[in-house]
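The next block holds one structure in the form of structure tokens; read it before the comments.
Should a chain be cited, it is by its letter among A, B, C and D, assigned in written order, with residues numbered from 1 in that chain.
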Amino acid sequence: MLRAGRPQDSLAGRRRYLGQRLNITTFIIVSFIKTVLALFVLLTAVAYTVWLERKVVGHMQNRWGPTRVGPFGLLQPLADGIKFLFKEDLTPPHVYKPLYIAAPIIAVMCALTSIAVIPVGNWITIGSLRIPLQITDVNIGLLIILGVTSLGVYGVALAGWSSNSKYSLLGGLRASAQMISYEISLGLSLVGVLMLTGSFSLRDIVEAQSGTFWWIIPRWNIFYGGQFIAFFIYLMSAYAETNRIPFDLPEAETELVAGYHTEYSAMKFAMFFMAEYANMITVAAVASLLFLGGWHGPVFGPPTLQALLPVFWFVLRIFGFLFVYIWVRGTLPRFRYDQLMAFGWKFLLPLAIANLVVTALVVALRA
Amino acid sequence: MTPHLHLWLIPVLPLVGATINGFLGKRFSRQTVAAVALLFSGAAFVMVLLVASRFSSLATPHIEFLATWIRAGKFQVDFSFYLDQLSLVMLLVVTGVGFLIHIYSVGYMWEEGGFYRFFTYLNLFMFFMLTLVLASNYLVMFIGWEGVGLASYLLIGFWFTKDSAASAGKKAFIVNRVGDFGFLIALFLLIKHFGSLNFDQVFRSVIPMGPETGGAGLLTAVGLLLMVGAAGKSAQIPLYVWLPDAMEGPTPVSALIHAATMVTAGVYMVSRSHVIFERAPMALTVVAIIGTLTALFAATIGITQTDIKKVLAYSTISQLGYMFMACGVGAFSAGIFHLMTHAFFKGLLFLAAGSVIHAVSGEQDMRQMGGLRTKIPWTFWTMTIATFAIAGIPPLAGFFSKDEILWRAYQASWVYWLIGLFTAFLTAFYMFRLWFMTFFGKYRGTAEAHEESAGDLAHGDTRPGAPASHRHGHGHGGIHESPRLMVIPLVVLAFLSLTGGWIGVPGSLGGSNRFDKFLGPVFHSTITAGVEGHGLAGEKEAEGPEPQTGHGTELIFTGISVLAGLLGLVLAWQLYYRNPQLPQQIAAGLGSLYDAVVHKYYIDELYAALFVKPLIAGSALILWHGIDQDVIDASVDNGAHGANEVSDSVRHMQSGNLRSYAGWVAAGAAAVIAYMVWMGTR
Amino acid sequence: MVPISYYLILSGILFACGATGFLIKRNIISIFMSIELMLNGVNLSFVAFAAQWHALSGQIFVFFVMVVAAAEAAVGLAIIISVYRTRETLNVDHVDLLKL
Amino acid sequence: MTHLIVFLFFGALCVAGAVNLLVQRHPINSALSLVVVMGALAVEYLLLGAEFVAAVQVIVYAGAVMVLFVFVIMLLNAGEEERTKGSRVALLFGIPGMLVGSVLVGWVLIERTGNQTVSAGALPGAPRTIGWLLFHNFLLPFEVTSILVLIAIMGAVVLASHPDEDQGKKES
């Protein structure tokens, strides 16, 4: 039977869970199950994010979006997937083959890896063992996410370079430059939160945001820690990191045919697509974990419901973020490249540093 | 202690003038330069007068300490000034005559190039001379000593574009170096044995000593070495050779430096260290002999010279000889007395000669003059006074001083007296010869031409090798009296040489030798029981007229010396006024002897053969080719070549190739690691 | 249970590879990467020694090394770019004007 | 046991990457193999317990520095490097010297470090402790390095900017 578990935040407790309560085989089995589950959910989510995007943008542009395949075109992602699978996978001549093949794999791998440390909810207890709703809970989870996303650049850059065409090359160059630039302000925007809850473990961060203050307002970092500026910076940088409008210079259809994945087709193209949307989801997850109190929300009802409600709240937040993504895409025009760089270096970075200083002062005064 | 006198101002004021003129004079107008120079030398004179006015209230010697210069162990040298009667007299002479000559120079040098340069040097000389006079220890005195040497070098070579002037300057400097060498060794001896150079300390430790018998010993050595220095500076045998050549310099310079002040520095130094000499009879005798010989020797040369300034130069030498003779017989006060009077009349003579030269547009050869009496009356009369003064005709200044010296010389030994007397006669002779040749008879020169053809010919008469002062003819051709600026000093000096002697009227003439009394404290301060010898002569005399030889004998001797002077006058009148062709016949008669005298006894040639040529040859052979070329240059060149070779072979390591460098680094690192491991495992 | 010396030997191998790369590589960028490789080897040895002596300062040094490496990479790559602009080549054997 | 296996696996990966860096003639391959080396090294750090170092290794080295390299390679479009006979010195002195040095060092390491072993996560370099050390015991070096980085940034900007484009930069 399932019931909500007591949160364990201390590092020692986590080790006890890993080390003592579990022998290695069960640990591997449990982890495997969790991984498969997470991957399945994630990929489905990716597919349906595409559907969602097409629908929403369509409605924003007075169209219907996909309607034919299934009710409300709900089977559209399936059809797309099948189409991608069965299309001919042609490799243009003069490409640098090893990297041309490796690039999409790198991209999608990096995108999917980061889900490993994202907690989706509290602990649950199945029979004798208490399992965190998280593939693995390392105490540098956030750093791992940052590292993996930063590695994600290689996919784009290599794709652009290896496919040996000027559009792709330009796209790749733009992508790498842009990602390096915005990674800085991204990281800096997170540091504020880290200072508020001195830990890298996402679970600890979320636990620190539990409860409310002034009777009604939840203790989310965006409110309690006063991190709304950091939140804003994070949002901007995240859009840039995921090459989304208004920062989708690497794949600007009107200038470079399709940017770094001009030369790609079929499954490789699909991989880039998956990578992009998976990244979106990761970013959304991280944002809600760090700034919006993760899975916290009203919990009531029978134990099973109590165990599952946090997951629901969490998914709700992610959905909200995705909707904002799509909304922005439907609304905003694209930056010029120098504007992009100026925005990143001359506006976001100083702002992030200023926010950092203020937060540090606040923390020091509170302590 | 007496109030502070600010003695330091006296030397420093001329230095300030020299600095201003030296750095800014180039932009000044001549008026400004002259004003500055006169202002500061005059200020120094005024300072001296102030000091003199307060002198009676001073406890002498008055020592003014300024700063410590050298302190090495117990040995210490200070910048400090020493004022007593002697240095006061010197101060008055130097600043007074110096100031007058400054005034004269303004007129004399007016149209010369390097006007500001001249006055810079002149003020500089004043500074050093005053330092020398005021010094309270031998080292500071040595500064002044060298400094006046430098100034005289600069001024002799004032027309440095002229080869003879430049070489004359060099000659003066080098000959002086020889003297300074002796002086320096004397200083070292003093340091070694007395551990100090301060006058009072040295003398205090010397006074207890008795006179050295047998003419050997420390004091004798010191005295002789000091005498070497003095001989160099004061142009005594054997180091007199530079002074005649020094006449290449402008006439005021000859007057100031080479007649009035600098050349007397030797006399000053000897009488300043009389304490040492009094206790070194041997040294004193040497001084006396050198002085006497120089006097005679120079006088004989003076007879035959035809260049008016050369005549004066040799007469200066011989007069200096007189002074040394006086010192040599222990009559230091008499020496200083003669020094003062000589400063007056010899300075006057030079200035007058300069005025004559100025009048005849740069002509210096007396055979080209004559009959100038009416044309330049001022010069004539002043020069007349000076001539009578030097000839020792009473009651002029020269008479008293020379007479005193002769008298004291007689007391020492009649030989001195006899030679001195003969020299006096010669002096009178050649001085009157000069007088007659210059001012009487009919004009033999060519400057007359100027009156018809205007100043453009002024350049015509500048024969090569003649001093640039010839250009005085320029603008106002013909024979003319000098401007008032030059005449005034003549008059003042004439007055001085007329009356200057009266402060020293000896007892025999009803006077009471005030000068001697005034200097008494300096020269008698060293009386100690049991000190006999030359020192005593001075002391006894100083206490008024002598017991044993009464005024009578002294009067006789005075008469004799006056007679000698008059005899010289008559002879000169005979030879150069009545029948001027006689001298040639006499010269022909004398033949080789005359030639020798004309050629100054071939002394210069002798020195050239003895010292100069071997020195040049030796230094060319050993120092130049041997050491400089084969050792110093060779080492430097070979070092450079070696470096060149080595780097040429090594530079191929610098291939500019990054990886080669990396290779070297790796190899080196391997070597270091291997060494460390080896050290570790041992 | 792994002996410390294994880590050290691994770091040594990495360092040696880096040095060799520096020696044999012609491309400036590759040479730079060899330098980075050497630095990484050193970092590993730092961490290993830290574990051996139980002193965290070893790990601190790693951070400093990283910062210096980052700075060096930034400046170095800028230099490479400017060199390439002027010389049109990345081959160090062709960039050897710095000689007597 | 697993510890040793993991160590050996990733160590082999490191060495393979390093060797690949040497043999590959295209800079981008070298760069990627270097990235592999760094990733593997991060795992080694984790084994040693230096988790924060590992994370920073990935973020800074693999994620920033190497991306910079790749970026430059793409920008300059660097091709295969030609094997020019540049320097004999590097071959005659460099390689042997390098070999000798490394052999000596390896020998010394084996000799001196003995056979002390470490278990997984021997020295937990938790971010908290690292930060504490960094900002207390190593504050001065930290500040100095920050200045160094500032200077490096300015130098990079100056070096990489076209001299003739300067006024263009000013107005934008």
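Throughout what follows, a contact is a pair of C-beta atoms (placed from the backbone, for glycine too) under 8 Å apart; a residue touches a chain by one contact, two chains touch by 3 or more.
Here the structure is a predicted model, which is why all the values come from computation and not from measurement.
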item: Chain occupying the middle, per Cα centroid; value: C
item: Separation of mean Cα positions, chain C and chain A [Å, integer]; value: 33
item: Centre-of-Cα separation between chain B and chain A, whole angstrom; value: 106
item: Cα-centroid distance, chain B relative to chain D, in whole angstrom; value: 86
item: Length of the line joining the C-alpha centres of chain A and chain D, rounded to whole Å; value: 28
item: Residues of chain A whose C-beta touches two or more other chains; value: none
item: Contacts with 2+ other chains: residues of chain C; value: 19, 23-24, 26, 92-93, 96
item: Contacts with 2+ other chains: residues of chain D; value: 52, 56, 64, 68, 73, 75, 86-87, 90-91, 94-95, 98, 105
item: Pairs of chains found to touch, sorted by chain label; value: A-D, B-C, B-D, C-D
item: Touch list for chain D against partner chain C, complex; value: 3-4, 7, 11, 14-15, 18-19, 21-22, 27, 30-31, 34, 37-38, 41, 44-45, 47-50, 52-53, 56-57, 60-61, 64-66, 68-69, 72-73, 75-76, 78, 81-87, 90-91, 94-95, 98-99, 102, 105-106, 109-110, 113-119, 122-123, 125, 129-130, 133-134, 137-138, 141, 145, 148-149, 151-153, 155-160, 162
item: Parts of chain B lying in touch with chain D, wherever the complex brings them together; value: 653, 655, 657, 659-660, 662-671, 673-674, 677, 680
item: Touching residues on chain D, where the partner in the complex is chain B; value: 86-98, 100-101, 104-105, 107-108
item: Footprint of chain B on chain C - complex, ascending; value: 19, 22-24, 26, 31, 92-93, 95-100
item: Residues on chain C engaged by chain D in the complex (per definition of touch); value: 1-10, 12-21, 23-27, 29-30, 32-34, 36-37, 40, 43-44, 47-48, 50-52, 54, 56-57, 59-60, 62-64, 66-75, 77-82, 84-85, 90-94, 96
